[in-house]
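Structure in structure tokens, see below.
Each chain carries a letter (A, B and C) given by its place in the written order, and its residues are counted from 1.
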Amino acid sequence: MRRTFARGGVHPPQRKELTSGVAISSPAPPAIVTIPLHQSIGAPARAIVKAREEVACGQLIAEPGGFISAPVHASVSGKVKRIAAFPTSIGPSVECIQIESDGQDTWVPDVNLGASECTAALAKSPEDLLATLAGAGLVGLGGAAFPTAVKLRPPPGGKVDTLLLNGAECEPYLTADHRLMIEEAPGIIAGLRVLMRVLGIERAVIGIEDNKPDAVETMRAAVDEIGGVSVEVCCTAYPQGAEKQLIQAILGREVPSGKLPLQVGVVVQNVATAFAAFEAVVRHKPLIERVVTVSGGAVAEPKNLRVRIGTSLEDLVAHCGGVRGELGKLIMGGPMMGKALKSFDIPVVKATSGVLLMDEVEAAQVDEQACLRCGRCVQVCPQGLMPCDLAAMANHGRLEGFGDGADCVECGCCQFICPAGRRLVHSIRFGKSDYRRLKAAEKRQGA
Amino acid sequence: MVTNVLYPALFLGGLGAVLSFILLLAARKFAVYEDPLVAAVLDALPNANCGACGYPGCRQFALEYVKSRDTNMFCPPGGREVAVKVAGLLGLEASPGEAPVAMVLCLGSRDKTKQIGRYEGLDDCRAAALIDGGTKVCPYGCLGYASCERACDYGAICMEDGLARVDGEKCVGCGACVAACPRGIIRMGPRGTRVWVACSSHDTGKAVRGYCEVGCIGCKRCVKVCPDDAMQFDDFLARVDHEKCTACGACIAACPRDTIVGVGLTAEALARAYPPAEAGSEGESDGESDGGRS
Amino acid sequence: MTETPRELTVTSSPHLAGEDSVPRIMHGVWLALLPAAFAAVFVFGYQALVVLLLATLGCVIAEGLMLTLRGFSWKAVGRSLTDGSAIVTGVLLALNLPASSPWWLVLVGALVAMSLGKHLFGGLGNNPFNPALVARVFLLISFPTHMVASAYTPPVAGFGESSEKAAARYEEQVDARSYATPLTALQEAIEKSDPEEARAAIAELRRNYPMWHLFVGNIGGSLGEVSALALLLGALLLFWRRSITWHIPIPLLLAVLLTTGLPWLLAPDSFANPLFHLLSGGLLLGAFFMATDMVTSPVSPRGMVVFGVGIGVITAVIRLWGGYPEGISFAILMMNGAVPLLDKYFKPAKFGAAGRRT
């Protein structure tokens, strides 16, 4: 029996064939990068360089601004042009460090880009490894961008027995993780072993959807000789790669509502994060680049690109032959959970797993009609919520009963299936944010 | 025939009598004494239950008012009139406070700001802000989806060309709009004469010039000309200190972008703010009325 | 100021939409009703066709009228008229009427369905009660003479039956003429005070209405009650298109089977067998096409099951002990009223609500 999560889910058109067969290419570093200081969940980083300062590739340019925060490194060598607010995918005005490349791509000393031998690195103490990961600015590369080091440091009392490596990549179009697993399997496994050593555990499972048989094969071959690590195949269903759903699919454990996977003894990391961990520990290379899928009907040559953090989408699209045909929407991330952008003048960040240029047909919206109460949103909700009710509450400002909305992960299944084209996710997001405001106001009044 | 009418009438009448007697007993037994002043105060209040005073409703306000006899407690929608009336009921002197009034710190209507993209989503500013919606390039300005207009129970806000405008006469100072705005561009200011910088952008002058015709570019001219030291300047944005401001109109005259707005200015200040050469073109002569341009 | 040349659309995620749409669902439903409509025309002749066309046309026109009165733009009216929901109500209404209905009865029904049943509550998506059933019950109560059993034309000719044969059978059934539908016959039978007589009536009933006839449809009744086979065909189409799920109809039919089966097991001679109940009257039409109406049924799967069971039990109770021979319309309307409660108390289990570690 194939593994999948217990409830709900949808089967959106995959469209992964656009890029799944194309090897990752590494274009030359861009002439200018705009690196946001707020790239992870938590506090933004604090800049430690000044305008006109010379920086080397991989140099620390901003240090963590709090406990839940990650440092930021220069992704090209050159001169800091300015430090100012720019429009980014995180918000319309975010503090960024803009670096003009000198074209030399001079790395900080100590970086060994060709290294692949991990025995020596694995002999280090877990504390040292954790410090390396934290120092390298690692965040979850699946999209949530939670600082990896924080996630690997379970609070006292929490006991972890399994590391779940997420290679499901359930978002349509995206193949960045898929290609990475095929091309960098040994590196991913090395990173996995680093993560296991940091956590002090012996068991790890790699979860991959069954639409990537080649990746399953490569990863199986790569883990062959390592005990305690297995590759598990799960159904192609959205949202298979959502943290809680994947845990349920692979390990059969249900994370309690409002709790973290730690509660059931699991830490989930993305395959790309594992690879970044390998690079940080073995190659001493901080997180300054990542693989990004550039796809969609309106891009001339869909590709997977290994690009520097801070590259503008304009440059990214230029590497893929530019825009073809009528562009309808520009999306950062996958089509189900990604964010629509207003301009190409936006930098790639650590959490950018894909950039989609959807043509007018793909971007076409269903005309919105009155809710038919067909209940399909309820049937497909993987979190067991009633999206139609939550959306109605949010739209009408009746938020007293909105508490359940906090469990919504905004996966988009409800809106995808809705025959009336209701903008359910937007409404629920609106409700969630207003509900938080309401609760905060009540708390203030009570206090 | 008689019995057909008589028996039901007797039965229902009797039932009514018995039940009303029980109600009478209950009302006597469970009666709670309440100061008649509370009812009187409640009567004087607007009874809109808007919550602007900080209490959940008018009744709670009345209870607390009678109990504390604190004349500083203020009903913003009722304003001065109600304050005097309520204080009079308790034989007190109303304290001189007045309800504040809302000011929109943005002048970026659609024709004056650069637009980008096409937003298709909920017609609400807070919802639009969540997904970086809206079409104005300025990351600080009015989004224009009328959340404040809907939040206002008094019809004091209306949207004009994608920009919220406050009618100072109708505004009761409850502050509901301040809470409704995701960009925090509505602030409360003193009733009557007031001058404010109608911009919220902390972007550099160059950036603001790129997307808005009326935004503060941080030139500091207003700071230099202010005789009362009432102009504060922080992070590329000027702001008026209402405690110090005497509404002389000097800053309005000095601002090269017409970003500073004055309401209820004296004739002298008006003349200074809008020198004759420009007065006609700007149409600011109605600034006398409370809420002219606001 | 100028706008950027490439105008990008900003919406909330998700940026993909499934293929199903309201028009696709609605047109699918009336298409699925076509087999039953054909069966009705086959059994009752052109009169049935007239009722079907009148009801559908009436509903579409009434919908347009209501939308115009409510101040919608022409474009919005056009869009609503083409989404197929009015056609579904029209066909359903026709299938709930006898073939002998006069033209004005059908039109009054259409007007009532669209006004009282639908637009009074705000149109598609907001009506708590099934519009076609509101109209049916309205007509049943207001014009009982046109809606009573004797108004139902007796079978003309069944499938694979020559007209002479049908006439012969009709002669045989002459006793049953005054109560031409199986359920009225049953009603009369079980209301007989003398147990002996009742038993005889039941036996006769069994002879007059063999299961096969009930199944293929050469029996009396309203248009949609005649052929279980045609209804099942339509239901299969709905299942295949995923317009309906098992959550409502299956528990509903099981509930009817159980509720009517128990007394039958205890006294097989005095009660009709549950299969008879299943195949006769409007049960199948109600179970597959009216109880499953999305707008008026619960949204949560658990609520749907309870909803179905509720309808089944109430229908059976009305049939066995109630004053009307058929109870499915009343049962559906009653449970329609309970939908908000069902949605409130039978929410799906939240992910991680139990906090169990399996």
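The working rule: contacts are C-beta pairs under 8 Å (C-beta built on N, C-alpha and C of every residue); 3 or more make two chains touch, one makes a residue touch a chain.
Keep in mind that what you see is a predicted model, and the values were worked out from it rather than measured.
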Chain with minimal offset from the mean of all protein Cα atoms: A
Maximum centroid distance from chain B, chain identifier (CA atoms): C
Centre distance in Å when chain A and chain B are each reduced to the mean of their C-alpha atoms: 42
Chain B-chain C separation of Cα centroids, rounded to whole Å: 55
Where chain A and chain C are represented by their mean Cα positions, the distance between them in whole Å: 49
Residues of chain C touching at least two other chains: 4, 8-12
Residues of chain A engaged with two or more neighbouring chains: 339-343, 365, 423, 426, 429
Sequence positions of chain B contacting 2 or more other chains: 116-117, 120-121, 130-132
Contact set on chain B toward chain A in their complex: 116-117, 120-122, 124, 126-127, 130-132, 135, 139-140, 179, 202-204
Complex contacts: residues of chain A adjacent to chain C: 7, 10, 12-13, 172, 244, 252-259, 264, 323, 327-331, 333, 335-344, 356, 358, 362-363, 365-367, 369-379, 381-386, 388-389, 404, 407, 410, 412, 415-421, 423, 425-426, 429
Complex contacts: residues of chain C adjacent to chain B: 1-4, 7-12
Touch list for chain B against partner chain C, complex: 111-121, 130-133, 211, 213
Parts of chain C lying in touch with chain A, wherever the complex brings them together: 4, 6, 8-18, 20-22, 24-25, 79, 83, 122-126, 245, 294-301, 304, 343, 347-358
